[in-house]
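Following are the structures in question.
Here come two complexes built around chain A, the first alongside chain B, the second alongside chain C.
Up next, the complex of A and B:
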């Protein structure tokens, strides 16, 4: 409750601090405008043409529908990865043997390019939802796993011993000693996984599916419709920026403040 | 003559000249717009005359007065000698006379006096601005050099028989950058004084607010960069759509500077609020210009006037009140006329910006804007002229703050 209240109190100043980011994005728009004027609309549609196409796609429901489909796939794969990655990572972190054993496997998973997983997923799941969901899961799982593993491995032993000496109740041990520490490793991993999942789902859809943002992007490309392509890209980027700045960043600030206070 | 109180400090003659010339220029312009009289024949045309006189006359004199007074303080160098600032003031007056009479005298005399003034101001201050390695004033130096360069460009266009309006637009942009640089300096003092004036015990809601105002250089520099970038591209490609995005970026960068200003209740006192309004006018002016470049049916002159009346006139007024009074040995003016004038300038800016939108009555809006502006600066002259013309009440003999 206190967290919510302080977040709401800081909301106006947080939102106002977004002007710096808006300024940078507008400078990017200017560069986009310059390049499109230099090379012509066929190569790169002008920003206003892309926005007009965006509006059109939004009004005829194509865009919201595609976003919902893509969002569902990305979230399914991500939730699977968050659940399994966090659980298994924590388990692996508790045991040194398990940690030692799992490290090379995670390295292999991390090193494997998502496009290779996509090829396998297409063979296994065809053009169904399974392909993007599996690709998202398998690409984000190792990131979450390694975050949870490191969080569990690096719990301060002295703090642990002190808590045990003082015979802290189990609930307190969990919420005041273990979780805050583990969360400081887990949260950045979750954030990175979220960003990654969105990019991967679009790539998977582009190659494997008939619907969703990625598939629509492929259709726009095949029609040489530069304005629609840019409109889809704008939609993806806007959603990513919205999640990053309106959802994750405020949480990140609260978490960081709490870490500073704890220190 | 040199012992008259008006010669005590550089700002005194310049601030007086600024007010008088601004009032005469705008009075003549308003009468011309209402069809009461015709303006003196100049070589550049009437719109250029109006913009040039308010920029290189009214605003430039205020800037010169402020900079010649403040730079010795900022750079820890001796006060500017009377002969120097009076010489510059004479050059400025000659610039006005020759420009107004350029229809008869030709371009060369006005080019020599006006370029001479801008260039002379920069060249004279340049060694001071960069002499102290710990207190180098690069941004001020570049701003003054920019204004001198714009003056040279303006007259080179006139001499080549080209329409020189682009230089005046560039001048407005340069002034906007200078306002961002200057306002942050003045704000360090006025906002912090307002914070100190508040009761010490903060309530719970104020706990997260900063204890003092700090002007963040990266935010300020970003704003200066964006404003100058738009100014440069607009100068090179006046019709290009890229200007739209750059103007919007400039607006966002100005709003970004306001992050420094959100210091809680201290903001709601008259002096911080004036500068806060200046930033808002600048940002909205750039938004209007940006949308106009991107194809919205908005008159560009609305944007330029939000910048020039809301941005420049209001900041000139604030500087005259703050710098003019404190360097004359007076405390800041707490009387109500200051708020009245601020409101009048705001009305002038908004009514002028609305002219040309939809089917609003053009001439009536010009009349409201012009007359409120004239009323605002007439009141200012009435209250500030005695301050500039009389000896200091504290017995001081120069530019120092109240003893």
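Up next, the complex of A and C:
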């Protein structure tokens, strides 16, 4: 509750600091305009065309519907990975043997390109929801797992001893000593997993599904509709930016206040 | 001035008894045949060269290390330990760090902050510092927070591991005063580690001198003058006298004194046993 309140309090100044970001985005827009004028609308639609197409897709409900479908898939896979990754990672972190055994496995999982998983998932789940959900899950699980494992393994024994001599009850041990430390490792992993899940789900849908943002992008491409393609891409990027800067970044600032040296 | 006068029978007031304690870390002996007793109202200082096992001994006393051999009996009600490092929780503000022990005892936030604020003033922390996180404080401020954290518990036995080593002389003097006040008011027993012989001479009733490899007690000095009557001149004089002792020089691996003793040992106010 306290967290929410101070997050809201800092929101205006945070938003104000966004002007710099907006400026650089406008520069990118200008570059986009330049390239599309050089190579023509067929190769790269002009920004205004793309936005018109965006508006059209939004008004006839295709875009929101697709976003909801895609979002549901990404979130399902992500939540699965967050839950299992955090739980198993913490367990593995508590036991030295489990940590040693799981580390190479997770390294293999991390190194495996998502597209390889996608191929397997298409074999197993076909064009169902299972394919994107599974792909998101396997691609993000190892990141979360490693974060949880590191967090649990690096709990500071000195602080632990201090807490022992102060006779902290079990509940305070957990909430005041262990969890804040573990969370400082887990949270960045969760954030990375969230960004990753959004990209993976689009890729999976593009190749495997009939609906969702990725599939719509594939359709637009097959119609050689450059404006619509760009509109979909804009939608994907906007959503990612929105989540990152309006949701995650303010939380991160609050959660990690004790870490950063305030500027 | 009270410490030796109003000493009560051992059984009522609590005591810390250490007898024949030995300790090994993976095949090397760190402590050998350690024995002493600290009673309520007494201040014991543990001095000795670096690495002789002082911290190890303290951790045996506060239960962080398991006793391997010998007897340690602690009948005090509330034992509080301060470590060689501040050991503050980096994600909690100073005030929350200070009052952590009170929180563990179930105090509500208002009461513990009130008590914390009062003590913060005594250890020389500004109210504005209390809202900061540990990484925003200097080393000396951090160790004051750590000292306040143990004093807030109102213990009857204090185990201190070099509590004043990160502080400047002015602050040291202030905190010596604070510690002695608390100690006489509450009949507090203190076992403190220090590198600084002068600090030991200023504060303690008994100095345990340790020797290394393996760590053992080479000599025990008893200071007879009450701490409240020790002025600077007396402290310098006594420290100099102690430093003349061959056993002290040997334990710190100092070369033998070059000039014949400039101090007059006839007026000394201490005695020692090996």
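Just so it is clear, the second predicted complex is superposed on the first by the 257 of 263 C-alpha atoms of A that agree within 3 Å, B and C clash if a C-alpha of one lies under 4 Å from a C-alpha of the other, contacts with A are read in each partner's own complex, and residues count from 1 in each chain.
In the analysis below, contacts are C-beta pairs under 8 Å (C-beta built on N, C-alpha and C of every residue); 3 or more make two chains touch, one makes a residue touch a chain.
Everything numeric here is computed off the predicted structure, so don't read it as measured data.
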Notebook entry, point to check: Following superposition onto chain A, is the placement of chain B relative to chain C best described as a clash or a fit?
Noted result: fit
Next item on the list: Using the touch definition from the top, say if A:161 reaches chain B (first), chain C (second), both or neither.
Entry: second
Next item on the list: Could you tell me if A:10 is touching chain B, chain C, both of them or neither one (first, second, both, neither)?
Entry: first
Margin query: Given the overlay on chain A, how many degrees, to the nearest 10, lie between chain B and chain C at the CA centre of chain A?
Written below: 90
Margin query: With both complexes superposed on chain A, which partner does A:33 reach: first (chain B), second (chain C), both or neither?
Written below: first
Check: Taking the superposition as given, does A:19 touch the first partner, chain B, the second, chain C, both, or neither?
Finding: first
Margin query: Once chain A of both complexes is superposed, is A:172 in touch with chain B (first), chain C (second), both, or neither?
Written below: second
Note to self: Between chain B and chain C, whom does A:47 touch in the aligned arrangement: first, second, both, or neither?
What the structure shows: first
Next item on the list: Could you look at A:180 and tell me whether it touches chain B, chain C, both or neither (first, second, both, neither)?
Entry: second
Note to self: After superposing the two complexes on chain A, what is the shortest C-alpha distance between chain B and chain C, in Å?
What the structure shows: 11
Margin query: Under the stated contact criterion, what part of chain A meets chain B in this complex?
Written below: 6, 9-10, 13, 16-17, 19-20, 22-23, 26-27, 29-30, 33-34, 37, 46-48
Checklist line | Contact footprint of chain A on chain C as seen in their complex | finding: 62-64, 79-81, 83, 85, 87, 89-92, 100-101, 103-104, 133-136, 149, 153
Notebook entry, point to check: Can you list the chain B residues touching chain A in their complex?
Noted result: 205, 208, 219, 222, 226, 240-242, 244-246, 248-249, 252-253, 255-256, 258-259, 262, 294-295
Margin query: Looking at the complex, which residues from chain A come into contact with chain C?
Written below: 158-159, 161-169, 172, 176-177, 180-181, 184, 257-259, 261
